[in-house]
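Scrolling down, you'll hit the structures one after another.
In what follows, chain A forms one complex with chain B and a second complex with chain C.
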Partner chain A sequence: MIWTSFLHAACLTLCAPPLQDAVVVEQPQEPEAPKAQPAVAPVVPVVPAADLRLHAERVYTGTGEILKNALIEVRDGKISSVRPGRSAPEGVLQVKAVTAGMIDLSARLHSNFNSVEQSTEVQPHLDVAGSVDLHDKRFARLARTGVTTVLVNPLDRNVIGGRGVALKTHGPMEVEARRLNGRPILRGAIGSEPSAANHAAFGRPTDFYSRRPTTRMGVEWEWRKAFFDAVAAKRLPEKDFPGAEDLREALAGKRTVMIQAWTTQDIRTAVYLDEEMQREGFGDLDLVIDAGAEAWKEPGILVRNSTIVVLPPHTAGGRVGSDGAFLAWNTASLLVGEGLTVCLSAHGAGPGSATLGHQAGFAMRGGLSFDQALAAVTSAPASVLGLSERLGTVHEGMDADLALWNGRPFAATSRVTGVLIDGVIVVDPR
Partner chain B sequence: MIQQSTRLLQRIAQTHLALTLGLLGCSFLLSAQAEAGEKYAVRAGIVHTLAGEAIPNGVIVIEGGRITAVGSADDVKIPWDAEVLDVPHLEAYPGFVEAHTSSGMDRPNESVSVAPFLNVRDSIDPVAFYFEDCLRSGITTVNVQQGNACIIGAVGMVVKPHGMTVEEMLVRPRAGLKISAAPKSGMSRATQAQTLRGAFTGLRLHLEDLVQQKRTGNDFSRREALYQGRDLAGERGKGRAMMSKGWTVEGLELVPRGEVDEKQEPLLDLVEGRVPAWIYCGAPMDVRLALEIASDNGFLERTILVLDDSCWKAADLIAEAGVSVVLDSTLVRTEMDPKTEEEEEVFIPGVFKDKGIPFALSSRNSTTESLWFQAAMCVAHGFTRAEALAAVTTTPANILGLEGEVGCLCPGAAGNVLLTSGDPLSVTSFVEYVVIDGNLVYDRSVDIRTQHLLEGVVPEGTESHAEEPEVEEDTRKKAGDEGGSR
Partner chain C sequence: MHTNALLLASLAFVASAPTSASSSEGDALAIRAEKLHVGDGTVIENGIVVFEAGVITEVGKGAPVPKGVVLIEHAGHLSAGLIALREHAGAVGESNDSTRAVMDEADLSYAYRPNHSEVQGLLAEGITTFVLAPRPGSLVGGLCAVAKTGSEVISRRAYLSICTGANGLTSNRFPTSLQGSQAELERRFSWPRGVFATAVKGELPVMLDGGSSRTEVQHAIAFARRHGLKGILVGSTRLGEMAAKIRAAGLGVALSSYSPSTGRRVVEGAVALAEMQVPFGFALGSPNNHPANLRLTAAACIRGGLKSGEALKALTSTAARLAGVGDKVGSIQVGLAADMVLWSGEPTDPGSRVMAVYVDGDEVFRAEDDENGDDK
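Up next is the complex of A and B:
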């Protein structure tokens, strides 16, 4: 309960301003094939979605409640009412269980090397939205697993890769129309990936990878230098550089800094970076560790800094990622027990693999309670995105993003059989 | 003979050495072996026999490694001298059966294209972590076969995932020959098909040649057999008419079986229907070739197809041929309509269930997506629990020819029992104990590798960062590092 109230507190602080520029979401009457869309989307007047009602034996609201035999009404893409203790009216869509649509903050739907500008290591001013391919089938596949919102980040080949973009997995075929303007998120990485394949220039530099950094130390140095330069540029305008303002906003806590750090040494580096900025009086980063597999080793430093952790998918042997990190299965449970906010991720796994729903189940195998697991794939990531007022729970006024289950959510013996996004039936369970 | 037994002794010695080293890291493997006639009993909260109703407060009595009685504690008397595992808080299930795998052996693919003379016996590693994981995931019977990258591969064997040596693990020694209808790397489909057909033509020519030699009084094959030290006594010294539903060689009864080239002999066993064939199909189009080879050479009835996930499209052909299949570990396949580019998911076991084809599931990995998870996926896609459990117990047992021997808790079956903390298909249940042949072989409470995976606990004294300075207490909740294999 302490944890839930923490979440609520987080929502209140995080998501106040951006809601005004919330996007007008186009409401197609039914899912459309991507190719049916014109190359440039015309300005479409808002079409109200057909009103929809569905009846569920159980609605897991995400606020600790389970509503039995609830009738959910959807109007204009929003949940207009959730009323428990109702019998199913004739002809209404009936399902066993409903949760909020799941949110994956590390869906890895970037278009690989096209998503990251590598001419310099620090690109905080770039927006990954410019490289998102909405025709990519992976969006629809994720939608079919019950993931309704994803954060798309650049590939981790830069130290600071740019700004991520939160998107619904179904909707208009224009990034700007589909993007969710919550809290801005700056994405970067610590570890071996940002320097992978780089080498020093011996003799004549002959290829693109003749560049810095070439070590973990170098990666860490680039982070500190970027923030230091950004602060310095404020006093010395001639030292200004693209992205300096973005970095200053991050230091001022106006945008979240999401850093990929798999191993305990990289998690330390990220937290120490934040603490150094505080010591120097530069600011205080709002830090989210992505793929923090080894967070279980030293939860203390995360607690000290109130860091949010996005965990990578659980694996059979425990080893995950290119840095050979070890994810113990009780990590989510341990961190939540320490009062930390934890989100789970399936790294974009589509149908037929270990989906985000399965990851929630695996975290329960490691000791997480059902409510905590539900939060880790719905309300917790919604709060990171600053969108708690719209996403992550099932009650009146929220976006009608729902995962419909044929049994108890996250059990290995049940699955997502239907999906609603903005009130549109993306996957019909019938 | 002498050479062979020396080699065997060497192998046993090596295995023992490896095992002694291995045991340092796997103390949970309880290694007492029951003597014949030794008695063991399990009393569990619920006994799921999978051959009838579940029995509350049930008792399983195992004598000499076999189940002798199963029933309610009120009806079944536990022998006074039996060792009893009394676990009223747990549920008993039969051990799961892995119908086909290439895990647990060293390098599963032989580069020689046609190599029926090989035997996985020489490659199975009793201390492989794979077998440990089998116990954790409740698998008590494993059919180990050569990998899929072959034309004609080795002879496989069925083992239990427990034992000091391959001999101790043995359940069934000659569990069939591995064949692949899908091209191995570097081969075209045509070359693969030609080589496959050619292997059987080669066998026929060899046998005809032997008969011809006998008829002309040429004793070259006999001298060759003696030169190689092959056994020509007993049955091996006698000739036998060829028993095959495909083709036969007239006069083979003239040739003592010991004189048949050792390289060809396993193939002759296959054609005579003495061992089953496990034919891998990597694409729907391979199914036709697999069935053609099997029916032309008379072993269709003893053929099991090992299918890639794409092969659901050939389900009609498979149903018509009446063979059983082992499904790929990928149970959901995304197919795209080439015209509309719309994708949809096909649940593969559902296709085979609808066509009435007997199928066994296979594990995707040895822990998280092991057989229990695959069966749970089937329930998630609309199977009944009984249907899902059958695909990891009784059906694979039937496919392996071990019907009534494994995969159920019934009198006469091997004493393989899982004790689970709850429904084995639940993600929050655990296998707490495993009994194989009436021996307690796994106890989760002392399984340090599971503790490591689940809780990050490292056994005392195995940290490799002992020289590193201690981190302050408050920053370090769990003692120890994970072992420094990074």
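Up next is the complex of A and C:
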């Protein structure tokens, strides 16, 4: 480590041209073969110059550390070094504070009704990637607020809506090129939305899609039936159906099951479903509750099932979602206090609304510590996506996805002034 | 400008001259036009075209006119009949079966009504051939037919019509979602049978309606590349923006009709496609679009920088080639059908008028005299 630091330093002082403008992305030089050197100098292979360097008064690494006066180097889209106690070199991009780019697990960037396959309530095999429009301005809008990674899920008008897709908010304009291959997510919903009114989610009210579930009970029955059928189909191949394998993988814990459940009643239903699967010996769901506003009412059932909770955005009156669930200010702090993993989300809040960064601030107002709030928008969601090795913290080797702040992150007087995604300056703070 | 442009100068030499009636089959006829647009970009001054039994037998400046054959002198331009790619005239209610998303063997020739007033309306605008395609709304709408306007179907397997984007979705049958649509199309083309297998082999072109947005068009191009499909892209005003990708995929384009609401996209798209040498023709989509829009779109593209000769090719020979009927129509060439339009002036000039239209050598349209018209 010391040696590599020395190499960097040597390279930067001896070999690298001074970076007058950090925005200029330099072509990394090809490492040259070691040449014969004068006897006094050690044989030092030339290390390519950093693509970008930035200096921050405070770097909140996400691992509990605060590095003061740190110089961050970025190379090939990754953080190549983070070194505290440095003065800012001439011309280097300087900011007050740096955190990892934020991650929103409930970004609602699907193509609305075009993401709803109404012909079946249960469609675990369909991938929402097909209905993602990367030209959608909401991606850029989220990036500007410091959100660098999102999980896109289908609109929750199906019981089991299909596979979600994790994407950076900036990058190549093709979904497959931008897709983050972490832990697969199977998305579904419990509550009034999959059973919204006694007709299809859109279109004529009296067509043959009237068979969709019309009650919460019907929704729950579809969930249970789907898992039972998937297990049955393993023994009876003639009963196989599209998505059965996805459901079996979920039961085997090979993919996370993320269920939207706003109210305490729906959160119970989700947990009971998981517990029933365990009781029957079918498997154990890796359960994440999205939009779990009322998780604070019965944290015990979540604790006993080790359920992860994604919270929807706070509102002034506390009422959130179509079912008028009540989200208390201290929900996140209460759940974290119970030992639960909590992620925050802006749940598709539009322009002018509170951003994910604001949600962290609100959660702190409700009692969450800074480190806990930071984790809830960075490392905790990164871990849900199975991408902790790449995202959610600031240290060497991680993706260079950074939120640059003009003050203490999440404070009411601070905001995100700059954003890096994969080492590219998406929002320039200067 | 060209008052009474159609001069029947040779009447004096022939006993029975065609007037507003057609030359019956077997009869030969010759036309000399001030400018004869062959269709490959060349223009013959005072060119003569001779045709017999519906087929062109001679073309050239000094093409010999057999004895006894009427030679019509046309003080104006002559071109091959125009070709509309993706057209619904006369088949609006009959070309999209809304309850079935995939009708791979549906045959659009059965939806063709040659005598329908919408079809006849195409002739007045010089459109002698069109691709009868299903209306959007299905994933796989069927096999497009190429029809002579008011006459025969000359190809029943011009394209397999596919909608990869939101245009293929309907709220009351599978699929209603983009991801459902993609899963279904992937399944059909990954383990292809029937017409899908023919399309994957490159033996049956596809008419790919990706939808209007950039993302949908990207999906359509990627889909075509993934499965090695040949054919044309339709349905978006943004196709020109992706000319390089379309070229790389070896696809052609049927440009959407220009209207003020599409802004400059169609126009700029045509210029971009021409620059990238992507073969393109024009879609019409009548009756929603007036048949005049075919030529007016080309004129708008010329105003935006497309060369007039390129525009005429797109309206005739390139369109014929894209529809797989280049050996039958689209050029004034020996052996091809005598489908032609006599114009008062430059064919792509919106001020020019259609004076007469021939399909298979029959005069099927003639402009009325302007006794009460606007001519001075």
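FYI, the second predicted complex is superposed on the first by the 367 of 430 C-alpha atoms of A that agree within 3 Å, B and C clash if a C-alpha of one lies under 4 Å from a C-alpha of the other, contacts with A are read in each partner's own complex, and residues count from 1 in each chain.
The criterion applied here is as follows: a contact is a pair of C-beta atoms (placed from the backbone, for glycine too) under 8 Å apart; a residue touches a chain by one contact, two chains touch by 3 or more.
All values reported here derive from a predicted model rather than from experimental measurement.
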Superposed partners chain B and chain C on chain A - clash or fit: fit
Chain B versus chain C as contact partner of A:263, first or second or both or neither: first
Touching partner for A:278 - first (chain B), second (chain C), both, neither: neither
More chain A residues in contact - chain B or chain C: B
Partner chain(s) touched by A:111 [first = chain B, second = chain C, both, neither]: second
Which of chain B and chain C A:128 touches, first, second, both or neither: second
Chain B versus chain C as contact partner of A:317, first or second or both or neither: first
Chain B versus chain C as contact partner of A:69, first or second or both or neither: neither
Chain C versus chain B - closest C-alpha approach in the superposed model, Å: 12
For the chain A and chain C complex, residues of the former touching the latter: 111, 113-120, 123, 125-135, 154, 162, 173-174, 200, 202-204, 207-209, 242
Touch list for chain C against partner chain A, complex: 166, 169, 171-183, 213-215, 218-219, 222
Of chain B, residues touching chain A in the complex: 330-334, 336, 340-343, 345, 365-369, 372-373, 376-377, 379-382, 425-428, 452-456, 471-472, 474-478, 481-482, 485-486
Chain B-facing residues of chain A, complex: 33-35, 137, 140-141, 144, 263, 294, 296-301, 304, 314-318, 323-326, 328-331, 334, 338, 350-352, 354, 358, 361-362, 364-366, 406-407, 410-415
